[in-house]
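What follows is a set of structures for review.
Note that subunit A is present in both complexes that follow, paired respectively with subunit B and with subunit C.
On to the complex of A and B.
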């Protein structure tokens, strides 16, 4: 019983900011008040029509779309290689591929900024796209590797023995069986890229900046609830994405939280 | 091994970027220019001056506190997540844990600015733009990661050992302290190291919740690089963060290899 109360309080602590943001987003006045004097959608309108947010949203679509398109095939190939052909020092390889998760964002950001300056690409989407590809690759490899490990090679052998060429085996047997992992990979890639901030701050300009960077600039300069409205939209989209993934794929499996009962 | 090549290419790009960073950390800064001069140790020396050492010390202190508090706050949730008998409770906890994990840093930090400011809750002490507020934000930021690592470790604890202890007369509390907790230690260790390493280079939380009054290493890196355009000086600081992270990463990897990756 006490245990439940403690878990409840801790989960409450984790959810508190979300609740506050949602309430604040409907605040009718520019200065936040609690309890609010009424309900208003004007900050949503403001968030959706603010030019810099619109431009940043377009940039987000470009950067996230391109980096996901790059990372998905690259990561899938790597995951298959890692699962199928056990290399020596496999732990080391995994550590290398997962390293972007733990290398400080400011170091990656500054490194790419210096490179971009050297190649005259400072105001170019290419820098953002390559940096994002680096950052989402670990998520893609991890998700596909889980699916690939569960894939029974007998099925591929069966298809091959029935006369299917390697390309056909891959398209008709391997890829469909990897589908849950690929879907999870795409989802993770999109979520991570859409929300990426630190590295993007270093390698973007006012022209190429993606939404989180534009939001950061807004928070630093303005205090009205426009950010709360935009945040609520972000949170809503994230909840739906996480919920759908859990529903259709079962997050426990992807995250290695198993039931040993 | 052709399949691995494209991914290796991406990692090489990252390595080149980090190499450029390390190179800049030993090049001379020319004020008012993005060009650099010859080799110098001045940037790295600057890291060791009292003013900047204080930021490093603050970073270490905040990271250590964050790690301990996150561990204590995450274990109960992770335990419930791994062990709850109801699939619905597990699913709910998982979604509530993951949603903040996937909600971007800016949204989460902005949300804490609202919570810590005195509009919604009247706090008895000032929290926003103070170390305490930054600490709260950092713990909140680290909890999902810690919970996921701990839950994976707890779910890998073989329940036969717990049943054996119980059948020998140990009460549930004793079973937990003497069997479950010790067996989940790999998760505690790797979770703590990951959280420490992440917090060590935290940026948005101290930037927004610290309001310029609380600075960690990453904030100094950003100030020097994007405000003062002193890329070499900034690179020296980033190199320090990088070195600490690699050290911790090496420790984590060794710990994981030893425990067979069960806690990953």
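On to the complex of A and C.
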């Protein structure tokens, strides 16, 4: 009985902020009051028509798309190397690749800021894209490494013995068998990149800033429920993405170890 | 007409770190034969197979196929058919796609591929599963698919890595006969790796017994069993009792405790020399009567079609004997033992 109460409280505590945001987004007045005085969709309209949000959304698509596109092949190569080859200093390599998980975003952001200023790239998407690539790499490597570890090297030998040259072995055997890991990697990369804030704040300008940064800037200047509306849309979109992935690709299959043998 | 050597290994050495996997292998595999690489795990038999297949590069020595040096040729250019212990069927492809893999890589026309796949699946007696995935098949069926996939490319040599190890016993025995039949029909030169002496004895035309990275003996099953060249071979294939003896004259030895027996060896002995003699348990005769050595039963193991009996001679020497039909014996029972003069083998 007590156990159930504790679990109930915990679940409530975890979901409460989300619920508060969702409810507050329907507030008709221009203050972030809770509970709301009525029901209105005006802040949704504002969120969707505010020019800076539109620009930031486009930036988000560019940055997330490009960094995912870069991180996937780099991360796949790194994961295969780490899993397959008895590299000298394997532990060190894997620590380097996974370090963005541990190093504070402030440090990474500052580093990219200094580099960007040095090369005069501050107004360019390239800085945000490279920063995001670095940040999502650990997730890509981890996901692909799980699939790679489950891939029986004998399968590649079998393909080779049947006359497939190395490139063909990769395309016809390795890549298809890494597919679950690659999907998981893509999902993680998109979620991490879309939500990334700390590092992005350092290297964003008004022109290149992505949605979370634009939202932060907005909330600093205005206190109306537009933010709550946008957040609700964000939450909804993430839910839909995860739901669709689970429905059509089997999220459990992607996130868990799949045995091919 | 001399037999043609298809695969030859010349002085092949291979080390993994400080472990010497192969310590100088010389081997010639003859056209159409079924050769077994037999030995305990870690003896180098799988490494030998990997060197032939092109999955491992030898540190020293050469690999020749049909007289051509292929030592540095990558696996995909060697044109060998390989059946892996785990079968290594592609899980994301159907049975037909698995079998067709090698033909597609060779750019064979689709219509021809379809015909060859059907033919290969018929050869391994596995029709009607073409559209299934490997995971939907039993272990025995997967093994047949792996065999069909390896044979359909008409390889110069077929390599089998512990082909029957993953099957249960009943299936293993029927598959053994079938494998031999398929090999005979196709007439393909075959090398297979096994740690199972029965598999090697029953299947192979010749056996290479391996130990510690070397070939201890190479010969037909009967020769390897009946005339083991080394103590290792004698120990590894079949049970046996080893006796330390010294010669009294050309044809008589003493086997401890003053016990004299007559032996008939290929060479005359020199009085006083020490010899190591080996006797197979099925050549040790048990019974009663005159001329038999007095002994006692010290252990009995009933195994259905035969019984293993451990006997101890009055001199203290222990021997292992197998008998087809034995009267019920118990430890301590007195029994007579006869050691036929031609039952002894001399071991180096």
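Everything below uses one rule, namely that the second predicted complex is superposed on the first by the 231 of 261 C-alpha atoms of A that agree within 3 Å, B and C clash if a C-alpha of one lies under 4 Å from a C-alpha of the other, contacts with A are read in each partner's own complex, and residues count from 1 in each chain.
By our rule, a residue touches a chain if its C-beta (ideal position, glycine included) is under 8 Å from a C-beta of that chain, and two chains touch if they have at least 3 such contacts.
All figures in this text were calculated on a predicted structure; none of them were measured in a lab.
For subunit A, the partner with contacts to more residues, out of subunit B and subunit C, is B. Of the two partner chains placed around the shared chain by superposition, neither subunit B nor subunit C is touched by A:69.
Look at A:48: by the touch rule set out above, it reaches neither subunit B nor subunit C.
Of the two partner chains, subunit C is the only one touched by A:176; subunit B is not.
Once the two complexes are overlaid on the shared chain, A:152 sits against subunit C while remaining clear of subunit B. After overlaying the two complexes on the shared chain, residue contacts for A:121 are found with neither subunit B nor subunit C. In the superposition on chain A, contact is made by A:198 with subunit B only, not with subunit C.
Judged by the touch definition given at the top, the superposed model places A:24 against subunit B, while subunit C stays out of reach. Once the two complexes are overlaid on chain A, the subunit A residues touched by subunit B in the first and by subunit C in the second are 260-261.
For subunit A in complex with subunit C, the residues that touch the partner chain are 152, 154-155, 157-166, 168-169, 172-173, 176-177, 260-261. Interface of subunit C with subunit A (complex): residues 53-55, 74-82, 84, 86, 88-92, 101-102, 105-106, 149-150, 153. Residue ranges of subunit A in contact with subunit B, taken from their complex: 3, 6-7, 10-11, 13-18, 20-21, 23-24, 32-34, 71, 73-75, 77-78, 80-82, 85, 87, 91-92, 95-97, 99-100, 102-108, 110-115, 117-118, 130, 133-134, 137, 141, 191-192, 194-198, 201-202, 212, 215-216, 219-220, 227-228, 231, 234-235, 238-239, 241-243, 246, 251-252, 255-261.
By the touch criterion stated above, subunit B contacts subunit A in their complex at residues 1, 3-4, 6-7, 9-11, 13-14, 16-21, 24, 34, 73-74, 76-77, 80-82, 90-91, 93-100, 102-108, 110-115, 117, 119-120, 140, 143-144, 148, 151-152, 155-159, 194, 197-198, 200-201, 203-204, 208, 217-218, 221-222, 225-226, 231, 234-235, 238-239, 241-242, 245, 248-249, 253, 256-257, 261, 264.
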